[in-house]
Structure formats: structure tokens, C-alpha cells
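The following block contains the structure, expressed as C-alpha cells.
Labels run A, B and C following the written order; every chain starts at residue 1.
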């Protein structure tokens, strides 16, 4: 049985600009003793997912829904006090992102490691300190570290203190939120090795949050690729990393620099979308090199792209000569020309769409081009968000649906 | 975790103005600025220059409450000021004048002028007027002892026909005026508060006689040294014993007239009159003891406070910001120096010194501004900016700029100061009130600008003239409201900035 | 050790600053010598007046007159120390001030006629101290409590409303509220006396214990309040009971006979409220922001993740981290309130140090001004140093920084 089963988790923030869809309907499972890596560019909602699991909410929560089954119980249904007593740290602990700041600067390291024991088990202070020192020893920290203040420790030592603190109650699940991103490479490796050891020794399950694919492939049994608050692809690490199904995963992998490879790393063009207004259809379609009709283009995006193209290819042969372009509703774009008649413009635009489809995926969204009395109406295909398809290994991309209707795990 | 902080000044400004407090603050400030622009049109600077004098204000009632305060008087109709305008103006005094030459039979002709001036006015208010004054302008010939000055009587006619002569007078010229032709003499007869040894002082005796004649008091009672009732009450009260105290007296409503009779001893003698029956309410903001229209002073307070506050805050905060930035950016000895200067300024007592300087030199408002700036070279802004700069210093884009070899000064001006600017705006907005109140404090103590009627100045006058004690609330409340309104506008703006720049305070 | 060196350095700098500040005040309080001239003119004028009425003097020949006049004048100037050049004198004054030889006032005196500056100051010191300490404590306690509450309800309409209220009230200085309060509570509703420190003539004086009830009431209110903020819910009844007791004592005080001490306390209510009203907002706003800021720190977040109760997070983590800056501003505002007292005390005609400052300044009584400033600066320096000391000893981070 899965130790943690997250179903349809939704977690939005309320801001003045609108709701931030930081976690938008996410589901995944974590098996006992396994590690699932949650990978994605920064700002895609990884930390929010972690905080949502531990119910560490700020004041500005807009929506917080879904089921989180932990140890056979839906912990979303627990009251706050029960949740605090049963889940936090005892069941699920966490190494916070920016863990180096997670230590109280005015309290000695040992006391901080010991604190959960006092809070949850009412252990007396000396006893707790003893256990803390033991726990610190297990993560490779000498005894005298316990008496030091955080500012007297190096980054690597602090990280070990934080890990000792996370493990002190022997939780079933540990969430590691970018546990190594502030460390140098050598320390990083040490910490990763430590995490592996601890997992083996204590039978832990990890949710390993990172934007570093290399680390993820090193540590994870399963991976979940997140993009703009959603999971795009999830499955066994060796499959996802070797034969990515989702174009985003592919681009992500291609962007990792490799030591023994001729290929230069390719960066993904564009920036992750604003989560207050996630793109309709497939959230990746604005940056997807293979996007097509179904991916959910809307008139506004189309107009933006067209204007951009007009600005960069100004006056080139074959570029339709329109003077105005504007969106009408979500699926219609209107073009006007000063010199050409609507018919001429419609013809040249159709021609342009046909020839430019491959280089500019957004043109694929054109369904029809009609000349009206004064202008040309371009109608776009309706799109929809692609569902996560598959069993063991799932991806949310319309291409995946067409190519592989069933779960394929290559041998 | 939290939403990003807008970095540019413009972005911060826009964001700040869009918050609710920002909008309210901007609205209030806009109103003040509009006022500041319109006031000089409505009441030119000359009016303010004349603030110190009395001439411009003498037709206003003294210590009158705002007209609209009538609403709180329980349905009473409070008297407005009634102007009895001179003959020759529309609705003014009516004038009859005849001349007569009478022979005494011995070949001497006596030339007479008989002149009557009369003005009828309705008085329908439920309270007594606050004062009454009659101005008389007499023109006559008096050269040596050759001819006599005219004889004047001022008669007050009441609706109940119980009329009385207020006074008889012969306007006499001082010796220096005697040989000027034609002789004119302007006399103001303060009916309500007659001054001893002036012609109008007779009014009191005339009133006593009138009361006795109408059986309101006995003679002994009327001539008792303790006996005093304000003339304006007696004149406008119903004729019975209740009139002997203002609290029991009833107003006699109806048409009153003021009649002035003159007998002159030359054919050329002439006269004209003007009268004011002062009300107890005036304008929108009332008047003070010097009859100033407080509205004018109050309105003028806005541009003065605004200019003083913003100028001071702007200069002081900018200086402090630059010093703080330099101190944080260059570090070392410069930093040490600035820090020690900050300690020094913390320890010397600014306000007492300021008061002392004001007392010694009575500086103008501009000089006060300079002194304040001198005392504000380093201060809290220096500290805030210094700590921000220390933070920014560590950021990567600074490192980057440094690594490609940009000069330190260049980085300071190109990268550091722009980052600090938005915070500076918040600090300026929050410092403006401090300056407004400093000026107000000095003015309150009577040490501010000697000419301008700033809010603090008005407040100080009110306080020192016992406005609190006598309940002249308008004299106190309006300047206070002015100051508070202006400062709250800035406080709200500053708070809006704070909120935008300080993500923890943000409404996310 | 580092801390000692650091403290020694600070002490040295603060001493130098202190001396400089005193010197600056001496120079300014004497108008850079201008006041000397004023005083000399005044002496000359007074002498003229005196001799003008002196029959004997007027009969003397002019040369003799001039001679007598000059000797008297010079003697007076000498006696008043006005013949020295100002620069030399300014150093002497400064050294005297640093030794707390505050000298004699020029024309101010205590109620029993002493012109000793020290005596003048110490006659009034307790009044200001009591008034402003009480007002500050009330404002601080109320403000901090409100701030904590606002932080807990951060971003709710309640919090927003109170934040705006705090921001807009603390920007207005106490004397402005003073005037409004005098108008309302003093003259319109006649609840409180409007000016002064004690009625004239003062009511009969009972034993000093009569002064205690308000002190006890306030102590009980605050005591109960603090007790409650540190104990678990089930003990809070005790705190409420104590607070209720405090209210009862306050009520009892209200109906007690109106004697000397009650009169004095009654006179202090309005100024104290005005002062408290103008500063509580700064407390609540600062507290709220500090608490929210600390709450946003990763280590506080971590504490919540660890499963600490919200109450413990607030008490053990947030308050502990937020209290040093809060204590700093408490200390600094307390001392700074003294200069702020000038206009407030003038408005209330309250015979404390602030009013003394103003009267001394208006009378060009430089010794009193310098004396007041010296004591004020000393208090401030000691406060700053005390804060430094406390931090160096308490906060491990600062300790580390100085190593």
C-alpha cells in the first residue's frame, strides 16, 4: 500500500492580481521505502505542493482541497490540532527549502534538533538532548556541534543538523525541498549520499523536490514532472528519464548539460507562465515546439504571436500585408489591410499559414480564413487541456494520447 | 514564497497608489493641492498680508461661530450680520435734507441745515446680535469759533414703538483739523461696548433712563454700580423685567429703524451714515477675536503646510538617503563618520534648540525650514537606507557590475540609488507630517513665521485667547482638522508605499 | 575579549558624543554669545532705571556719575561672569555641566525660592517622569497587545482597519490631541480638569497611601494581562479575575473622597491619555510588522512544520525574536518623550520638565536649558549604551559579529 496517496490536490493563493494556481489538481502516490522526485522549473509550484501536504498555509489561501491519504487515513479531514499532533514531523517531516535559514539563530543546534521530541512526546530536556546528540551522530556530526549556534556552523553542517532534525521522530515520509541547492558540489554529493544512507537505514520514503534532473535521476525511483502547477508526466524514473513522453520533459532533459556529449544544452525558450492566469488548453503550448491544433490556442495569444512575427519579419516576401490585427472573443482573430482587399489578404494569409506551420506552431491553430466585406476573419481551433493518460507511467499531452493509447513501458 | 516586490520607482508608485489607502491618500492630497492652487485665486496673497491689520476685517462679527452651526442650535435662527448701508447705495439709508436761512431780525442770518437719515431693517433671529456700531461721516464748517459744529442725535426705533435716543453728539474737531476745509469727521459709535469718555458712552445713561421711563427698573436699581446689561440685548429684547439678563431675555422680532438727525449751522453741512448690526454666526468657519474670517486663514494654511512639509521632507530625506547610501556603500571611515554623526544628532535635543533659535531670531518660515534641514542631515532615513544598501550590496547584479569593472561611484548612482528610491518615497511621505507638525508646534508657541496665519499659528492664538475656555470651538477645531487632514493624507500614502515595498505587509 | 573591546569602543564614542552634544547646547543655549549681549544690555538698562530714580546720584557731577555707573556695571558683569570672552566661557560651562555643577538659574526658581538649577530640575522631574512613564507604559502595553492581535488576524478587515487607525493616529503629536481633549473632556463635558498639576487651592492632603489605588489598579490590570499571555487557557481565569479586581479598585478610587493625591492623579489623566493616544499606534504598527516579519522567517515556518502549537510558535519564536527591537524603541521613546513634553506640558500647563524647558528658553535662562539638556543627553547616552550592552551579552549573533 502506498504510504502517501495524494488525490486531486488543489492549492491556490489569493493575491491582488487574482488567484495563483500554484497547485492545480495534482495526484501522485508514494510507496513505502521509495523516493519520488518532483521536478520542475522554479515557480511551478513544487514548494507549494510540499507545504500543502503539511498544511503549512499562509493567510492568503484561496483554495485548499483534495485528499491526502497517509497511512490509510485522509489527513485532509483531520482537524488542525489532530493534524499537528499526528502528522507534522511525527508522520511527515520536511527539510525546508532554504534550510540554512530554518535554524533559529538564537538557539543552540542541539536544542533545535531535540525540540520535536519535547513538543510531541513530552520527553524531558536531558533525555531529548541525548537523543538529539545521537541523531546528530548518525548524520555524521561530532558531539560538540550540539552546543553551537547556527552561525557557527558551515553550510554543510547546518544541512546535516536540519536533516537530523527532520529524522529525529522517525517519520515515515520526509519531504526534501531542494535540500542541496544552496550548497557547493562536493557538499551536495555528501548530502545526497547521506540521504541515501539514512533512507536505507531507517526505511524512509522521500518526496524529493528539485529542479536538478541529475540529482533526481540519482536518487529517485519515480519522477513527477511539474509545469505551471500541474503534473505533466509521472512514472518510473528510468523510463521517464530515458524515453520522455511529454515534450516538456524532453526539453527539460535536453537542457541539462552533459559531460560526455557533443550536444550543447538547449534552453527552453520563453518563461513559465503567470500562474494567476494559466494558459488555457495545455499549459505548455506557448513554449511547446510540437504544439498543434488541439493544444488550446486562443485569439489573444495568436494576436501576440502574429504581431511579434510581423515585427521580426517586417516586409519580407510572402508575409501577408495586414495593418491591423485584433482578437474577437477567444477563437476569432480579425485582420485588416490598408492596401489589399480582404480577398487578397485572405489568400495571402492562407498561403502564409500553410507554409509557416512547421516553423511557427501557433499557425497550426488556424481552422479557417474567411474574407468578409471589410476584413478577414481567422477562426481558430478549439483546444482543451490534455488529460493525464496511462497507468504506471502517465503523461498529459495530446500527442501522447494519439501515439500510445495504452501504457507502454519499453522493455 | 511571497509575491515579488516591485523594484522600479514607477512600478512602486503605481502599485502604492492602487492600494486602498493609497487611493484615499492620493485623493486627500489631490484635494489639498487643488485647494493650494485655488486659494490664491479665491483670497489673493494681499489678503494674507493684511492679516496682521484690522482694517480688512472690521465689518466681520467678532468670535462668530460658523453659520452652519445653527443646525445644532435646536431650530433657533441665529442672527446674521445686518449691514445698514449709507444713503446713496441701493437699499441704504434714506436721507432728507433741507436748509433754512432765518434772520434774527438784526440783519444777521442764521443758516441751518436739517438732515435726517433713516434705515429700517427687519430683525427676525432668535438670538441677540453680538454688537452694533454706527458710523457717521459728518461734513461741516468750523473755522475757529466762528461757527458751531452740528448737533447729532441717533435714535433707535423699536417695533413696539418704545423708541429711545441712543446718543447726542457734536462732533468736535481737534485743533489741528480746524483749519482744513471742508471739515469732515468720521465717528464710529460702538453701541454695544461703549468706551468711557467717548460720546457713545452716553448710551449707557440713555438706556438707564429709558428703562426707568418704561418702568422696567427703579432709578436706584438702574444706577447701581453693579448694574450692567449689554446694550445690544436691551435694544433688541422684549420690554419687561426678563430683559435684564441675557439668559432670560426674549428677542423682540420685527422691524427696527435707526434714525439719525442732524442740525447744522451752515448751509453746507451734510452727513452720511452706515451701521452694522453684527450677527453671532459668520461664514463657513467663523471668526476669531480679531474678526478675521477664519476660512481664509484656514485655506491659506493648506498651501503653506503643503509647501513647508514637502520641501522640508524632500530635502531632508534626500540628504539622509544619500548619506546613508554612501555610508553603506563605501563603508570604512566614511561609514564610521556618518554613524557617529547619527549618534550625535540623536543626543542633541533638537526641539528645544529650535525653539531657542526661533525665540532669538524670529526667523521667517523659509529660515525655519533651513534650520530644520540643518538639524536633519543624518537621522532615521540614513539608518534605513544604510541597511538597505548593505543588503543590496550583496546581490548578484552588483557583483556582476563590479566584476566587469564598473566604478564604485557609477554603481552607486546607477544601481544602488535607484533601488533605494522607492523606500525613500515612503520615507518622504512619512516625514512630511513631522515637518508640518514641527512648524505647527513652533507657530503654536508663537514662534513661527510672524506674518503667515498657518494652522499652528491660528491654533496658538486660539489657545492663548482662551478659545478652549469660552468654547469657541470653531477656532480650535478647524485648524486641528486641517493639520490632521493634511498629515493623514501623507501618512496613508506612506503606509501604502510601505505596504507595497514590504511584502509582509502586503494585501496579497 | 571581543565584546569587552566593542563595548569599550562604544563607551568611548558615546562619551565623546555626549561631550560634543553638551558643548553644542552650551553654545546654542547662549545664542553663541548673543544672549550675553542681551543680558549686558539688560543690566545696563536696569542700572539706568535705578539711577534715574536716585536723587543722590542725580546731584553728582556727570564725570562722577559716569564713574559710579561704570564701576557698578562692571562689577555686575563680573559677578554674572559676562566679562569673559564667550569661547573661554563656553568651555568652562561645558566642563561644569559635565561635572553636574549646574549652577544658578538667572531668574527661574523653585516654589520655595531656590535658584539652584539642580533643585529646579529635581522639583519637576518626578512630575514628568510619572506622567510620561505611565502614559508610555499604558500605550506600549495596549499597543503591543493590539499589534499581536492584528498580526494574528493579519490582512483581515479588522487588521486593515486597525492598521490604518494606528498609522494615522501616531502621526499626530500629543499636544494636538491634548487641545481636542481639553475642549471635549475639559470644557464641554467637564469631566477632567483642564490645566495644571493640582487645583488651586489644593484640596486637603491625606496620607501618601491615598495615592496608591490607581497604581494598584493599573498594576492589577497589567499583571493579569501579562499573566494571561503566558499561561495556558485554563489558568486564564485567574488573570481575568485579577483584571476585574483592578477595575474594582479603579472604581473604588473614583468614589473615594477628592483629596490632594486624587486631585493630582485626576489632573494627570487627560495629558496621559493624550500622550498614550498619540503613541499607541506606533507600538501596534511596529509590533504587527515585526511579528509578521518574524513569522515569515524560515525558522518560524520550520517551527510550525515541526508541529509546535501556534501559541508556542508565537511565544517561543516570534516574540523572542521580535522583542529586542521592541524593547529598543520602548527605551528610546521613553527618553525622547522628555523633549516631546515641551509643547504637551505647555498645552496642559503641567509644571513638569517640558514646561520648564519652554519657560527657561523663553526667559533666556541658559543655565537651566543647559542643565536640562545635560541630564537629558546623559539619560539618552546611558539608554543607548545600556541597549548595546544588553545585546552584546544576550544575542549570540551580535556576539559573533564582534569577534
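General remarks:
Here is the rule we use: contacts are C-beta pairs under 8 Å (C-beta built on N, C-alpha and C of every residue); 3 or more make two chains touch, one makes a residue touch a chain.
What you are looking at is a predicted structure, and each value in this text was computed from that prediction instead of being measured.
By number of C-beta pairs in contact, the leading pair of chains is B-C.
A comparison of C-alpha centroids places C closest to the centre of the full protein.
Subunit B and subunit C have centres, each the mean of its CA atoms, that are 33 Å apart. Taking each chain's centre as the mean of its C-alpha atoms, subunit A lies 57 Å from subunit C. Chain geometry summary: the mean Cα position of subunit A and that of subunit B are 67 Å apart.
The set of subunit A residues that touch two or more partner chains comprises 59-60. Residue positions 155 of subunit C each touch two or more of the other chains.
The residues of subunit B that reach two or more other chains are 1, 507-508, listed in rising order.
Contact residues on subunit A toward subunit C in their complex (touch as defined above): 54, 56, 59-60, 84-85, 87-90, 93-94, 96, 98-99, 101-106, 115-116, 119-120, 149, 151-152, 165.
Contact residues on subunit C toward subunit A in their complex (touch as defined above): 154-155, 297-299, 301-309, 312, 317, 320-321, 395-397, 400. On subunit B, the positions that touch subunit C within their shared complex are 1-2, 20-21, 340, 343-344, 346-353, 355-357, 359-360, 430, 433, 437, 440-441, 444-445, 459, 463, 468-469, 471, 473, 476-477, 480, 483-484, 487-488, 490-492, 494-495, 502, 504-505, 507-508.
Those residues of subunit C that touch subunit B in the complex are listed here as 13-14, 17-18, 20-21, 24-25, 28-29, 31, 34-35, 155, 160, 163-164, 167-168, 171-173, 175-176, 179-180, 182-183, 186-188, 194, 289, 292-293, 296, 339-340, 342-343, 346-347, 357-358, 361-362, 364, 369, 372-373, 376-377, 380-381, 384.
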